[in-house]
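The following pair of complexes shares a single chain, chain A, combined with chain B in the former and chain C in the latter.
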Partner chain A sequence: MNRTVYVDTRQLLMVLFLSRIFTALTFTPQGDERIAGSTVMLGQLLSCLLQLLLLVPAWLLYRDHPRASVLDCANTLNRPLGGILAVLYGAFFLVNAVYTAASFDFFLTTAIYPNSSSWLPLILLVGVAWYGAHVGIEPLSRVAGFLFVGVLLSGVFIALALIPRYDLSNWVSPLYDGVEPVWRAAWGSLTRSTELAAVLLLVPMVKGNLRSGVLWWQGITLVAFEAIGLGTLLALGEYAGTRLFPVYTLSTIAEFSIFQRMDALHMAVWVFLAALKTGLYLFLAAFCLRDILPQGQKKFALPFCAVLLLVGSIWLARQGGLLVGLTSPFGGVVPLLLLVAVCPLLLWLWERMRGRREVHHGA
Partner chain B sequence: MVRKTWLLIFCTLPLLLSSGCLGVTSLDDRAIVELLAVDWDGSEYEIQLSLFQAQENVTAQAGGETVQNLISGRGNTMAQAMESASSQAGKELFFANNELILLGEQAAGEQLNFLLTYLNANPQIRPSVRLLITQGAARDFLQEQASDQLAKNLLGTLENAQEEGLLSSAQLIDVLRQLEGPKGCAPIPIVGSGQEQLEQVVLATPQGIALVLQQREAYGASWLTDRVRARLLSVTDGSGEPVTLRASAGKGRIHLTETDPLSYTLELSVTLRVEESMAPIEPEEVPDLEHTVEQAIEQEVQHTLQATTLDRGLDLVGLSAALRQQNPSYYRDHREELGDLLQQAQIQVQVSARLERVGMQASQ
Partner chain C sequence: MFEFYKRWFHYYKDSAYAPPKTDPALSQRLGENLLDNMVTIRQLYANSEDLVTRGVQVSGLSAQLLFCEGMVDNQAFAELVAEPLTSLELPDATPASLQKWLREESILAIDQKEFYTFGELFTFLMSGFVVLLLDGVATGTALGIQGFNFRGVSEPTTEINVRGSKESFVEPVRINLTLIRRRIKSPTMKFESLTVGSKSNTSVYLVYLTDCVSQDLLQEVKNRLAKVKMDVILSSGYLQPYLDEKTRSIFSGVGITERPDTLCAKIREGRIAILVDGTPFALIVPYLFHEHFQSLDDYAQRPYYATFIRWLKYLSFFVSMLLPGLYVAMVSFHPELFPHALLLNVAASETITPFPIMLEALLIHVIYEIMREAGLRLPRPIGHAVGIVGALVIGDAAVTAGLIGAPMVMVVALTAISSFVVPSLYEPVTVLRLAFILVGGMLGLYGITLLLLVVGLNLCAVNPFGIPATSPETPFSLYAMRDVLVRAGWKHLGGENLRVQDLPGSEVPEKRGGAQ
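Here is the complex of A and B:
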């Protein structure tokens, strides 16, 4: 957990992209009250614009401090405030790590191995995430490089195998049910974009042009989500709404030559994505905790977070309804708005006001 | 750093590989279902499961003759019936290899919607599993068939009939998709006892069986609902000699006229190749052959549309989906009375046939 390591913006882009794409693979339509596929696609575009808008305060802060994370900025202004923010960000990342691990378990014990024990996969996942967080962002981002190629190839393969099932008549106007479902889809997508908060903390560890990296990340993620949405819509139509995991269903009906179903491919990719995302969030949670722990006790940050992750994910995996609740459009967006937009905006304003006062006093 | 990266990848592998160790059930404790048959007697479900068995076991048990390995279960709900069958087998039921589901006539007639929902919600059952309705009880049909290869044989027959354009795929996913929307209906093949060929197709709605299609209507339904791969058509050439053509087509496209929301044009593009003819097909004969085929298919499709949509208001071809897509405001306002409105629809069928390969084999 050395914060002076550097990752390339392309590597950062791949880590964030893969972390974000994980939510698509386990997306369940119940959370969005069966919004039409084309509406979700339009909502995705709107969500992308909202995400860029949310990052404006962070960009203002970054413009003044190109090598400082949001916690560094807060610590410079006021040390207790930095501590409070570290707790808030740390809790946010830990909750998201718990949610990711619980979703992994929920999918595994619902779609793949119904009625099987939820202990073993969670223990193994937390173990891998712990090691990933221990080695840090650089090895994680290198793994993301391999995984990115794997995700791309498997996605293209499944998309091609589904060609006979595409039916253009499944497409309906995204505004068929009015504007409200588009907003709901956009909020839902925004709620799942927890990587926005990760960007604010990873700033000091990235070399290269972060702004263009973030724009590329948003662009590639949007294209990938629209492609997944279009594939699901054309291949499944409204039938997608009857399936618990529509994207997984795509892989079970994809046939090509002797390959009768491709869910094993989907599964392999998805396991690696779960490990990467949980590892990333565990790394960030421990990173925040280290910020407030006294010297000499910092080494306990990661084990402490890992234990909380294990206990929390086992508990959450047993509360199926909560999994949906965490991603409900309005249930999860408030903390994200606070941490991604409001905190950086307040810090930037504080800095501006203090700067102006100092100039005023100097004059 | 490279070493740490590879180590991280290797650490993730046990997570991937150990997923097979979850809830371990050995092969001996699994009942691998090849075919599921469901009956409904008005109050209870009865299921029959044809299980996979190794070939040497089959012949050893029956003294050289092949027999089915059947188990059954009963219950007020499908879950209870499954549990009962599992108890009888003393094994855990495993459906991942099940490619065919037989529905007894009464079960399909009275419980279709519930059964489809149940099958769709079962994570083990493939969305691409094929459905087949039996005349009478599925139990009786199974007991009359002695072959241990029943599932395989029936699947082969279904695939052949689909290739020939007699029936649509009738996969669970396709049936559910066709039943969506107002007045949705799906063609499902029906098989009688001792029948080698599937010659009948029923039109199912969420409420049950709405109509039994005649063979000509079944062919028409395939043009409308599925890709036809290899339909053989017999026509005569300019000199009155018979010519056999192999026709294939994608699913038809529907257009609405801009002025009238109940006026549709159905476009069907058919590719032909000569399968058999007495004499070489001359280039000047090609347009006439194509036109003859176009007329034959148009009549078949019009006949089917008359019997299903115009007479009964059943949306076989997906007119409501086209209306929703192309005139959403009208669809929204008239969704409830769409069945009646479809009966007043003007449907123009435009078939364009193209003879792609004139290469033929002359018969003696």
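Here is the complex of A and C:
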């Protein structure tokens, strides 16, 4: 029997959703003190529309080549260009994996185990991510199916346990400070939507209607972000702005019967998501590297990326400023724009021009 | 140092596994001279004491009857073989006319076969056949009148059901075939025989329904069994690694059953069963994870109760795997997660015990496993005594002596009982439980969560015969889920035509059954 690697669109949706939601558990609407929570919620909606807009060039490319990734298209047009793009995409995913691991470590050593060393959790996390990337995208996406249900149930459970703490007076108008903060919030959210680039590479591995899958992903993610934002805003109000991890704070104050705090539940969800996201990005980084390595050396791609990930995350975990810088609109949006919109657009235009030239020569 | 590795590499290379070779003499054809044939048989059989040979004159021609001592039904031999042969009087008997009589005019046994080589002769002999060799004829005749002793059909010991059949498989594979055939009286059910093991020549039967099984799946099973390079097969477990796709995984994609009714239910869904002679357990492929939580009683009980039992099984699985590790992690790293009243009790019991909680948990689980193993291997009456001693040691003496805390006894007891709810997962659960205790004691909930993810990934990576072991949970199919977390009523289940190859995520190219 021939083994064919493929992921159902629903599974893709779940992987991308869980990967995206990871950031929501840290950077909630109240995470940025300068922007009101309700404003960030409106910004999320705007960000969702911007993300769909960014995907238009990729969609044009996908329409012409439904079974090809952006690297496949580039390789068909020009092999050296394909190599350059593989390096760019690989570096992008590796940096994001490093960032995910480092921010996870930051949370763990700040909120959960303040006295623990910073490298031990990272070694374990990278080990699990390595294993996840090693078994491949199919098991990763299958495990995402279980995690999706778990995350959903734990979210609902915590939300229900917080009902006595909801205070509607915490709500303020999203346009209270004008339109500019809404734009800033939208850009901030866009910066963290690195999964858009993942979609471009996962195209050949997806079976089913990719377009509807992406739309569902965006819709569900938006609903989840708004729900988390609303819950945080109503339960914590202005206090959330003073917390490093507002959602974690929410889980510590949630109470239900004999369960007097639910931070363990939150931590479990957080660890699952961090490992899944790091594993996904490590897989994609190794996938890109494999594209440029010669035949006999492709097997070294994953170990090489994993070692880089470990070294990079241990280093980045100690660089607080850089950790924040990577999420700044400039540090995050520019690479994302380049890889998600500009590259596919240029490839599409190049292909069009070449097609016309061939038709012209043929005539 | 380099020299050491070099030598180690050469040792490893030299001791690499080589498949067993069969004796070329076994493929040699029988000759026409009876005496020469007997000499060759004696040589090949190494003059073993269990070979019984008896020279006899049949219609004035020399013949030899051969069989293995104790493997033939003496009465049937006397009435069906000895009497007709000794009283036979063919006019102008020649070897050719005697062979013609054997082939066309006599019924010395229901199972009567002709063979040509010494290899076939020995296979028949060792399967309990009586072999008849005639002088002047280069073929032999095998007469199936086996009469060896075997254990009778009895109640299942590992898959006890309340309302299901009380029959289980036995060692002789032929009896097992009848147990299956009696349950599915359809011409589409096929038994296909293979022989594995170059020395044991063990009979292996593939059992499937031709209108349900996928041809690709069947071919893949045959291909994998053809790769078995062993000289002796003594149990179905010998074949399991060859059928498993990822032998390094904690979970297997091969199921085991000792119940003919369970086997019939599985092949009805397009699966293939493998029966091995000498083993009262059949293998079933492909076997998915949710099948560990199904039992035949589920389908005899009312759906709501079957659903309740199924949820109970899932809960027990998680309890038996995670509870001790979680308890250790919470006591060691996250005591704030205990409700206040319970926290006081736990703290009080832990202050009087000398060991750290992780060591305490490991110690008590190892003691429990030792006692379980001892109780399992010892004769049954002594096994019960071990159980009683174990209960006293763990339950009372250890707590009184201050070696372990009372809550830990409760945790161990609950874990032990839960682990028997899903017996087919006992092996992975036991090992994982110890791993979770270690990780929980060293890394707290963080370690437990990471290890749980690794276990999840490991399970999701199992793809028996191209079908995800976690299907239909993930990849998800609502239609197929009617017999996973819930058990739908028979009016729904009975009408469904779901085959294992149709499950979501399946890579079996041929989706419908139809192997011939």
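Quick note on the criterion: the second predicted complex is superposed on the first by the 352 of 363 C-alpha atoms of A that agree within 3 Å, B and C clash if a C-alpha of one lies under 4 Å from a C-alpha of the other, contacts with A are read in each partner's own complex, and residues count from 1 in each chain.
As a convention for this text, contacts are C-beta pairs under 8 Å (C-beta built on N, C-alpha and C of every residue); 3 or more make two chains touch, one makes a residue touch a chain.
Computed from a prediction, not measured in an experiment: that's the story for all the values here.
If you put the two complexes together on chain A, you find that chain B and chain C bump into each other.
Put simply, more of the residues of chain A are touched by B, taking chain B and chain C as the two choices.
Using the contact criterion defined above for the overlaid structures, shared-chain residue A:P139 touches chain B and also reaches chain C. Of the two partner chains, neither chain B nor chain C is touched by A:K298.
When the shared chain is aligned, chain C comes close enough to touch A:Q11, but chain B does not. Once chain A of one complex is fitted onto chain A of the other, the partner contacts of A:E238 are limited to chain B, with no touch recorded for chain C. In the superposition on chain A, contact is made by A:T249 with chain B only, not with chain C. In the superposition on chain A, A:R211 makes contact with neither chain B nor chain C.
When the two structures are aligned on the shared chain, A:A268 is found in touch with chain B and with chain C. Once the two complexes are overlaid on the shared chain, A:Y131 sits against chain B and chain C alike.
Using the contact criterion defined above for the overlaid structures, shared-chain residue A:H65 touches neither chain B nor chain C, since it reaches no partner. Across the superposed pair, chain B and chain C both touch chain A at residues 108, 112-113, 121, 124-125, 128, 131-132, 135, 138-140, 142-143, 146, 261, 267-268, 271-272, 275.
Residue ranges on chain C touching chain A, taken from their complex, read 216, 220, 333-334, 336-337, 339-340, 443-450, 453-454, 456-458, 460-461, 463, 465-466, 468, 470, 473-476, 504-505, 507-509. Residues 108-117, 120-121, 124-125, 127-128, 131-132, 135, 138-140, 142-143, 146, 164, 167-173, 176, 236-239, 242-244, 249, 252-253, 255, 261, 267-268, 271-272, 275 of chain A are the ones touching chain B in the complex.
For chain B in complex with chain A, the touching residues are 1-2, 4-5, 7-9, 11-12, 14-16, 18-19, 21-23, 120, 123-124, 126-128, 173, 176-177, 180-181, 227, 251, 253-254, 318, 321-322, 324-325, 328, 332. Of all residues in chain A, those touching chain C in their complex are 1-4, 8, 10-11, 108, 112-113, 121, 124-125, 128, 131-132, 135-136, 138-140, 142-147, 258-261, 264, 267-268, 271-272, 275-276.
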